[in-house]
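Shared chain: subunit A. Partners: subunit B in the first complex, subunit C in the second.
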Partner chain A sequence: MNFQEILEKIKTKHEVLESKEDLGVLNAYIATAKIAAVAAFMKDELKFEQLNFITAVDFPANNAIEVVYHFFSYETADSVVLRIKLDRAKAEVPTISGVFKTADWHEREASEMFGIKFSGHPDLNRLLLPDGIESPLRKDYKNPDMTPLPKA
Partner chain B sequence: MGLMNGIDEKLVRKIPGAPVVLASAEWAINAGRSNSIWTLTFGLRCCAMEMMATGAAKYDWARFGFEVPAASPRRADLMIVAGTITTKMAPLVKRLYEQMAEPKYVIAMGACAISGGPFIYDSYSVVRGADKVIPVDIYIPGCPPRPEALLDGMIKLQEKIMKQKLTKAAS
Partner chain C sequence: MIKAPFEMEKISDEEYILNMGPQHPSTHGVLRIVLKLDGEVVTGLYPDVGYIHSSVEKMCENKKFEMITPYTDRLDYLSAVNYNWAYVAAVEKLMGIQLPERAEYMRVMLAELNRIMSHLLWYSAFGMDVGALTPIFYAFREREEVIDMVEGMTGGRLTHHAFRIGGFKNDLQKDFLSRLEKFLAKFEDRICEYEALLINNVILTARTKGVGILDKDTAINYGVTGPVLRGSGCAIDLRKNAPYSVYSKFDFRVCTGKNGDTWDRLKVRMDEMRESAKILKQAAAMLPAGEFCAKVPRVIKPAPGEVYTKVESARGEFGVYMVSDGTEKPYRIKFRSPSFSNLSVLKEITIGSKIADVVAIMGSLDLVIPEIDR
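What follows is the complex of A and B.
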């Protein structure tokens, strides 16, 4: 399937806010509240059975954090990326760990790294970071040990 | 090894007519210590690979009196901090150091253990050098240092031990 066909298939059931092609892979923006339903749709009907990873990207200039879900299909060897835009101050998104078990730890990691709350998550503790380091991958994170590289 | 390296003339007095060699207790104790150093089996990151290579057959630190790696800190004399210390690992490194019995020595191996190395600028999770956590005797630069460099550092440590005094300097 090319990315246009996948986009059409998603659009038959769910609303896509925005979409773009990136390196031949479909990037579809969907509404925050819909993520669990869309993930289940991807898994059960489009046969994207593998959730490769969940991560996030911080865009302080737009006051947005994007949560990124990367799906892969063993049947057609296609990849799809779903994206969700969140407000930086109030980053909260429903968990999809009920759909994909693997999302559990990925969400914990994204949560400790970006300070995103995955509501409904069974156990949103820290995964790897020790106490005292809060959301280090946000662009405005400050740490007394960090001496920024001198500008060339 | 210590005897094969030769005993300093100053330390030896030969008693005429008898095959007796006298040396100072300080020399004997230091020679014993520096030639039976057990290293703690303990590696933190990529530098640990070179440390293992140094202990294995090709470089073989046992040739210089480092013998066996000790699998417990209570039997170890030397901690080679081979790699990056993260903030999460730092308390455990300190605990291992505290569990070692005196006399104990620490080698900081590689850029990470010296200063944070490649992580010195923007890392949120790396301790900037082993000496922020525990006292360090020898620093070995490199990323990673070659086994020859580690061996050189370990031999420098032996030289340092040979200079130890039995008595404390009056303060």
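What follows is the complex of A and C.
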């Protein structure tokens, strides 16, 4: 399937806010509340049975954090990226760990790294970071250890 | 990091909590597994990761593209070449660099040698986990030869830093092919020796058959990849399913297991070494002459965009998700590491088995901790 066909198929059942093609891969923006339903649709109907990863990208210039869901189909070897735009100050998105078990750990990681709340997640404890470090992968994160040494 | 993985009121009088790690020898690194036990039977399990989190993704945002390749070695020190590959492939895809044919074949050869190295070390370590101390001496005999070959090519024995953006720094050593041929001539027999020594051993089969059964659907749902997934009977290998580089030109088999138990995962790795040897033979015969590096601009500045490239490493799917904003440094890099997802399934397959089996099951997952923590 090329990206146009996949986009048409998603559009038959769910609303796509915005879409773009990046090096042959479909990037579809989905409404925040719909993500679990669309993920289930991807898995059951379109046979994208593997969720490669979940992560986020911070865009302070647009005051947005984008959550990225990367799917892969073993049958057709196609990839699809679902994206969600969140407000930086109030980053909250429903979990999809009920659909994909692998989302459990990936959401925990994204949560501590970007300060995103995945509502409905069964165990949103810290995964990798110790206490006291908040959202280090946001672009405005400051830490005294990160200042470069003065030039000799 | 987790402080109280189990609520105290949910632990019955018969049960108790045992910490396995972070310094337990069978966790192969700094990993802590909190076990809830009823006598010898595991009733609960909570993996605690992050002890050696080094924030590689954040560091990469402050480095130029060509400076990041060595960091990818250190994610997985046993299969460094494959990790280089996913990264340089991402940059090459963003910049539209076409590799010379020779470089592609050289990459395949190094990656397969690296897979053999990694599986041999896993074989030795797994033997020690379950109490067999001899296999390591057999496996390291061959592993040294492979390391010498890769060292001659790259200069490194552990973190090779083999690949550059666009190809290689230098051509293959003059005697590389003859050494490879000599090695491959005897390697097939040596794998049979390994199997006779450990994998088909009666005591080991009794300890691993029917233990830690992972079924297909659970494996896919948890994002498990690599030999662990193939042990569960899924014939999924990125080299076949989504062939990158020149893998589509080689004739090899995707090795699978039947029952998805611990023994199947061991067997899949042994078979995979045979297939790697087969690929190496073909690649050496097909190796074309020519350049070993493409013409790469002095300043590496990919066009703005996003890319996700993935390779089949020794442990499963390793992927690099990269966002470029058109500057000399990446805007965001995410490493999708196979052991991360493979470890998350541990709870599912361990509950109900004996405490000694936890060691065998964990060994069969072939975890490397730095790539989980990153």
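Just so we're on the same page, the second predicted complex is superposed on the first by the 147 of 152 C-alpha atoms of A that agree within 3 Å, B and C clash if a C-alpha of one lies under 4 Å from a C-alpha of the other, contacts with A are read in each partner's own complex, and residues count from 1 in each chain.
Just so it is clear, a contact is a pair of C-beta atoms (placed from the backbone, for glycine too) under 8 Å apart; a residue touches a chain by one contact, two chains touch by 3 or more.
All values reported here derive from a predicted model rather than from experimental measurement.
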Checklist entry - So if we stack both complexes on subunit A, do subunit B and subunit C clash, or do they fit? => result fit
Next on the checklist: Under the stated touch criterion, which partner chain does A:145 make contact with: subunit B (first), subunit C (second), both, or neither?
Outcome noted: first
Checklist entry - Put subunit A at the vertex: what angle do the Cα centres of subunit B and subunit C make there, to the nearest 10 degrees? => result 40
Next on the checklist: For A:129 in the superposed arrangement: first (subunit B), second (subunit C), both or neither?
Outcome noted: both
Checklist entry - Does subunit C touch more residues of subunit A than subunit B does, or is it the other way round? => result C
Next on the checklist: Just to be sure I read the superposition right, which of the two partners does A:40 touch: subunit B = first, subunit C = second, or both, or neither?
Outcome noted: neither
Checklist entry - Between subunit B (first) and subunit C (second), which does A:16 come into contact with in this model arrangement: first, second, both, or neither? => result neither
Next on the checklist: If we overlay the two complexes on their shared chain A, which of subunit B and subunit C does A:68 touch? Say first, second, both or neither.
Outcome noted: second
Checklist outcome for this item: Shortest distance over all C-alpha pairs of subunit B and subunit C after overlay on A, integer Å, is 5
Next on the checklist: Quick check on my understanding: which residues of subunit A belong to both its subunit B contact set and its subunit C contact set?
Outcome noted: 128-130, 136, 141
Next on the checklist: For a test of understanding, state which residues of subunit B touch subunit A in their complex under the given definition.
Outcome noted: 87-88, 120-126, 128
Checklist entry - If you look only at subunit C, which of its residues touch subunit A in the complex? => result 1-2, 49-50, 53, 55, 57-58, 93-94, 218, 220-223, 234, 236, 241-242, 305-308, 310, 317, 319, 321, 323, 331-332, 334, 336, 340-341, 344, 373-374
Item to check | subunit A residues within the subunit B interface of the complex | outcome: 128-130, 132-133, 136, 141, 143, 145-149
Next on the checklist: Please output the residues of subunit A touching subunit C within their complex, sorted ascending.
Outcome noted: 22-23, 25, 27, 49-53, 55, 57-58, 68, 70, 72, 74, 77, 79, 81, 100-102, 104-105, 113, 125-131, 136-137, 141
